[in-house]
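Look at the two complexes coming up: subunit A is in both, with subunit B in one and subunit C in the other.
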Partner chain A sequence: MAMALLRRLGQTVLVLFGISVLVFLVFFATPGADPTARIAGRNASPETMALIRHQYGFDRPLPVQYERMMVSLFVTRDLTSFVDHGERVVPEVFRAAPVTLSLVFGAAIVWVLASIGMGTLATALRGSLVDRGLMILGLIGISMPVFWLGEVINLVTQSRMHDSWMFSWVPGLGYVPLTQDPVGWFKVLVIPWITLAILFIGIYGRVLRADLVAAYSEDFMRTAQAKGLSASRVLFRHGLRTSMITFVSLFGLDFAQLVGGGALLTEVVFGLQGVGRLTYQALSNLDLPLIMATVMYSAVFVVLANALVDILYVLLDPRVRDAG
Partner chain B sequence: MQDELFAARDLTIALPGSQGSMIRIVENLSFSLAPREILGIVGESGSGKSMTALAIMGLIDVPGARITGSMLFKGQELVGLGARALRRLRGREIAMIFQDPMTALTPVHTIGWQIDEQIRAHESLSRAGARARTIDLLGEMGVPDPRRAADRYPHQLSGGLRQRAMIAMALSCNPSLLIADEPTTALDVTVQAQILDLLRRLRHNFGSSVLLITHDMGVVAETCDRTLVLYAGNVAERGPTGDIFAHPGHPYARALLASIPPLHGVRPSRLLSIPGQPPSPAERPAGCPFRPRCPQAHAQCEQTPPMVRRGEQDIACVLAAPEPVQA
Partner chain C sequence: MRWLAAAAMMAVAMPAAALAVDLHRGGTLHLTASSGVDTLDPQISYNSQSTELFAAVYDGLATFPKAAGADNAVADLAEALPVPTDAGRTYRFILRPGIRFSNGQSLTVDDVAASLRRIFKAGSPTAGSFYGNIVGAQACLRSPADCTLAGGVVTDPAIRGITIRLVHADPEFLDKLAWTHASILPASAPPHDAGDTPLPGTGAYRIVSYDPHHGMLLDRNPYFHEWDAVAQPDGHVDRIRLDYGLDEEAEITAIENGQFDWMYENKPLDRLGEIAGRYTAQVHVFDLPSLYYLAMNTRQPPFDRLAARQAVNLAVDRRAAVLFMGGPGAMLPACTMLPRGITGHVPDCPSLGAGSPDRLRPDPVRARALVAASGTRGMRVILVVNASRNEDALGENLRETLSRIGWDAEVRSITPAVQFNYIQNSANKVQISLTGWDADYPGPADFLQVLFDCRNIHPGSNSSINISAFCDPAVQAMFDRANATPDTVSRAALWSAIDRRVMEQSPVAPLVQRRYVDFVSRRLGHYVNAGIYHMLFSQVWVQ
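This part shows the complex of A and B:
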């Protein structure tokens, strides 16, 4: 167990190192990215430029610059933005992270529960109108772009029907911290959760149904039926339990991607100052310290999510347990 | 025949084919099974033997499948029986074991869990009570160290042990009828013999009848009291195993037996094989289904052959003489 943890830690460090070097080199190879000119502002004199270059260490060799940046990002945590003078990037990421985490965790709970319900119901009634209806709904969910759906929902709940009894509880756009006001936190996030989840409910529900229907042609499902078990027991304890393995691996990928900033569109539409928005801002300003900080943050989550999926695998599938 | 446990009369299983046609997989199949009897159903793959087993279990879940005729189990009609009543019979009165014990057990649960589950589905027994019975059963099936074996997952056991666990599970509620669908095909020969031995002892230890489905004439000769030879969904011949092996009446049964290598006498340079392929259910000829491959086929075979009674054998061939031919 300790060995496995250590190995995982070593992998994490290696992944972070590789990604940071790559981001660093790509940045300095990008034309027009020279940070000196940006910091110095328009029409700066060559003297000012030279001063800034020296002050920020841009005249040092790249490996030294890399090392200094990593130290101030991970050790002293005082790395400052190239664009907004003196703005420290680490606290900025830490301010954005709870917003994204709240959004993605909530959406994940919604989509996992709803897609399991949808997949099992469609399987139990396969071939019926309910099954077909659910699958078409899923396809519609997949086809609707999240920014469009979000805007439409905003239009309805914030403006057109905001005064009706149905949507009068909907607060204005923005984020309320959980620690400050849990009820407000829930109210402000429940619509973004559902909006973000709809796409994934469609995908996961359809994938789960396909897996479950395939499971019914497996011998062990026939055995379970031959044992005289109830239909729901066959479906849940034998079918769903074995089909969850694909579901979980898919979930690990999507979840990590979203936590790492992939929920950008949802964040923008609902006015949430999350990591996705921060990353977008950093990229459009070509602000290397902020890019570095957000990329490192999302890499940590991708590695963490993968570790979580591996643990779930072991819990779900005894065959993986024995393979070591 | 008052004391029969199970009797099928004119059982016909039809599945929907292309363009709304119905394809008859099994046609007018009749047989009966006495308590504690072992009946073998032999046939090539596609002859409808597994379909028959699934029909008895009520497990044909192809939409639009039609099962006609009658299947009486302890006097209760199984054809058209409701799902709930059928589920009560399944596992408790009629149990089934399958060909490949690797795929027939759910990979993510321990075998003990799976056997407990069946016991508790049919009897109100505590978890501990069910587990105690599970361990007893595994021990009776010859599983070494049954207490530990119950906590193992299917992939951690050998094929032979898995099949023993499968049989233990099938027998966990003392079924009166056990259907074994090619139980030894996936096992190697020494394990095969042990499993067959186990099946033979069931009728004494558990009082169960066994319906043994196989394509292996050796397995039939070794195990079954009576045998039913199925060809392309139709009965070719049925009767006591000894009689069929001594003087088979149907040309198909004769050909099957002739294709087994003899243990005594001159070794043939080539084993006999039946020319041609069995017809697919959609292209089955009218009359005797074996006609296209039969060396003795003639004009009369275009009519459905009568069942000729010869001693205790029933032979579906016009050429069958009422008295055994002394070869």
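This part shows the complex of A and C:
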């Protein structure tokens, strides 16, 4: 167990090192990316440029700059932005995390419940019109880009029909902390939750249905049916549990990348200042310290989530458990 | 009798005035912007959001009037603006008494001297270009930590006197002192960029909290008293709250819904019709001293040939440029490098020649002939633009123009984060680029001398603002003459002549002058637009 943990830790460090070197090198290889002139301000004299270059250490060799950046990111945690002078990026990412967590947790609940409902209902009524209708709806959900859907929803709820009885409750875009105003938090997030969840409901619902239908031809399902168990018990207790394996591994990865900043488009469209929006701003401003911080944060989540998924496998699948 | 009438009028007028102030004082002005300023340090920040905000927070010895319709610098922390002596090289100021910073500390001449030194110590972007002419400034630029400005800034605490000596006369020096980078801070301000820590100021408001991704809060400076209603007027609202995070489309909608009073970002083109039609009373439009132009690299073929540069100026369709950049409501065609509203501006298009009946009509026939005469026909020309909806569209139009007159043209669209610095660096061998210039202060030197002075060419540097690398001895001599001319009328004529000469040499092809479209909430009243500060946050009211 300890060995496995250590191995995981070693892998994590290696992944982080590889990504950080890549981000660092790509940044400095980009023509015009040298941040000195942007920090110094337009029409800065050569002397001011030299002062800034020295202050920020851009006059040092790249490996030294890399090492200094990593030390101030992970050890002293006082790495500051190139764009918002003096802004410490590590606390900024941690301040953004609750926004992203609120968005992703809520959306995950919506999409897990809705897709399980959709998958099981479609399986139970497989071949019927309801089954086909649900699968087509799922496909439509998958096909709608989240930023387009978000903008259209905003157009309707914030602009065109904002004054109607249906949407007059919709607050302005932005985030309200849960601790400050729970009702406001819910109101502000419920539309982003649904918007972000729609794509995943489509994917997960279809995947689950396919797995469930496949499960019905398995021996253990036939045994369960032969034992005279009720149809719902066969479906939920025997079928659903084993069919959840693909669902859970997909969920682990999707959830982790969303928490790590993958909900970028949803956050930007709805003005939620989460990690995704931070990543978006860092990239559009070419702000290396903030890019580095958000990328590292995201990488940590993906690695952690993979570990969690491995543990969940053991709980779900008796074959994996017994093999261990 | 006359005295009695005046007294009676005052008696009527006074309560009304007092009532007006009482009625509108208070409340929170709620602003929105996508993201924060570059830094809270007024001596370093170079961002129009901060220029607008800091107008109510910081003061210099001089300032631009915080009132509509006036441009020339006025006295702020100084009692009066001095007339320079010693052939325009010595300025003697007397500091106003009884002014305190927002931390309670009294303002002294030491704070003024320390702030002027801090411009160099903290590395202000304009340290070299605006203040490098102060005696001792060159030593400060070379070694900022040891900066003393000895001989350049001399104080006399007994009479609250500050004397500033320049190496050469500079008729726009008071404008430069009015610019935000010459804000006066406590002498104890750190000798480096203060970043996201607010420094105490003398203005009507102070910054209470700031986070570049969430917002900024300002409230009243408790030690402020109004000393001059034009230099630093007292504010109406009690608090100014700025929320970051929305994009410009969402900002427009939020103002329409009354959730915010004002937005910082430029208004998206697809919404201009909507706000102008449905919210006419909430829209304010005014000219900006700001140009979009094509910079042609005079050291790269084909634009190392005069004929090739002139061909571009003849061929570009400025009317089309107006349409691509937002239409006649938001843009004006421009064919000179001094925009409307700046001293020396002449409503003329010299680059198109006097014979043309419609000076804005492109002349592709003559342009083609010039390209052929320059011997560069068929040459590959790459136009570098910002990757944005408007500039990509305008870039495509310009590419067609360049192709039509004989070159093999291509557009290269680069992220706005780097484009401006990329096109300045001679190492990138950019031939022609679409770029813009906003005035820091409304003076002709801030356009012509900044953009075309030989001393602003720095090969291999990302900061080389003379993007065309244009160096003309005749123009250079005219700069010196203009700066040595004390008389304002003859100086204005000289700047017009410089503008004409530059356009004859065509290192640039000006396209459009920006107009500023401001969109405010229904509840916002007493809109005042004051030059480079745009809408005055201290003057509007929300109740």
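Definition applied: the second predicted complex is superposed on the first by the 308 of 324 C-alpha atoms of A that agree within 3 Å, B and C clash if a C-alpha of one lies under 4 Å from a C-alpha of the other, contacts with A are read in each partner's own complex, and residues count from 1 in each chain.
Just so we're on the same page, a contact is a pair of C-beta atoms (placed from the backbone, for glycine too) under 8 Å apart; a residue touches a chain by one contact, two chains touch by 3 or more.
Please read these numbers as outputs of a predicted model, since none were measured by experiment.
Overlaying the two complexes via subunit A leaves subunit B and subunit C side by side, clear of any clash. In the superposition on chain A, contact of A:230 is made with subunit B only, not with subunit C.
By the touch criterion defined above, A:238 lies against subunit B but remains apart from subunit C after alignment on the C-alpha atoms of chain A. Taking the C-alpha centre of subunit A as the apex, the lines running to the C-alpha centres of subunit B and subunit C meet at 160 degrees, rounded to a multiple of 10. Of the two partners subunit B and subunit C, more subunit A residues are in touch with C. Touch criterion not met for A:168: it reaches neither subunit B nor subunit C.
Closest CA pair between subunit B and subunit C after superposition: 48 Å apart.
Comparing the two interfaces of subunit A, the one with subunit B and the one with subunit C have no residue in common.
Within the complex, the subunit A residues that touch subunit B are 127, 216, 218-220, 222-230, 233, 237-238, 241-242, 316-319, 322. Within the complex formed with subunit A, the residues of subunit C that make contact are 35-41, 44, 46, 123-129, 132, 141-142, 144, 192-197, 211-214, 243-247, 249-250, 253-254, 256-257, 259-260, 414-422, 424-425, 428, 450, 456, 458, 461-463, 465. Across the complex, subunit C is touched by residues 30-34, 36-38, 40-49, 51-52, 55, 80-81, 83-87, 92, 95-96, 151, 154, 158-159, 162, 172-175, 268, 271-273, 277-278, 281, 284-286 of subunit A. Note for the complex: subunit B touches subunit A at residues 57, 59, 61, 63, 87-92, 95-96, 98-100, 103-110, 117-118, 121-122, 153, 155-156, 166, 169.
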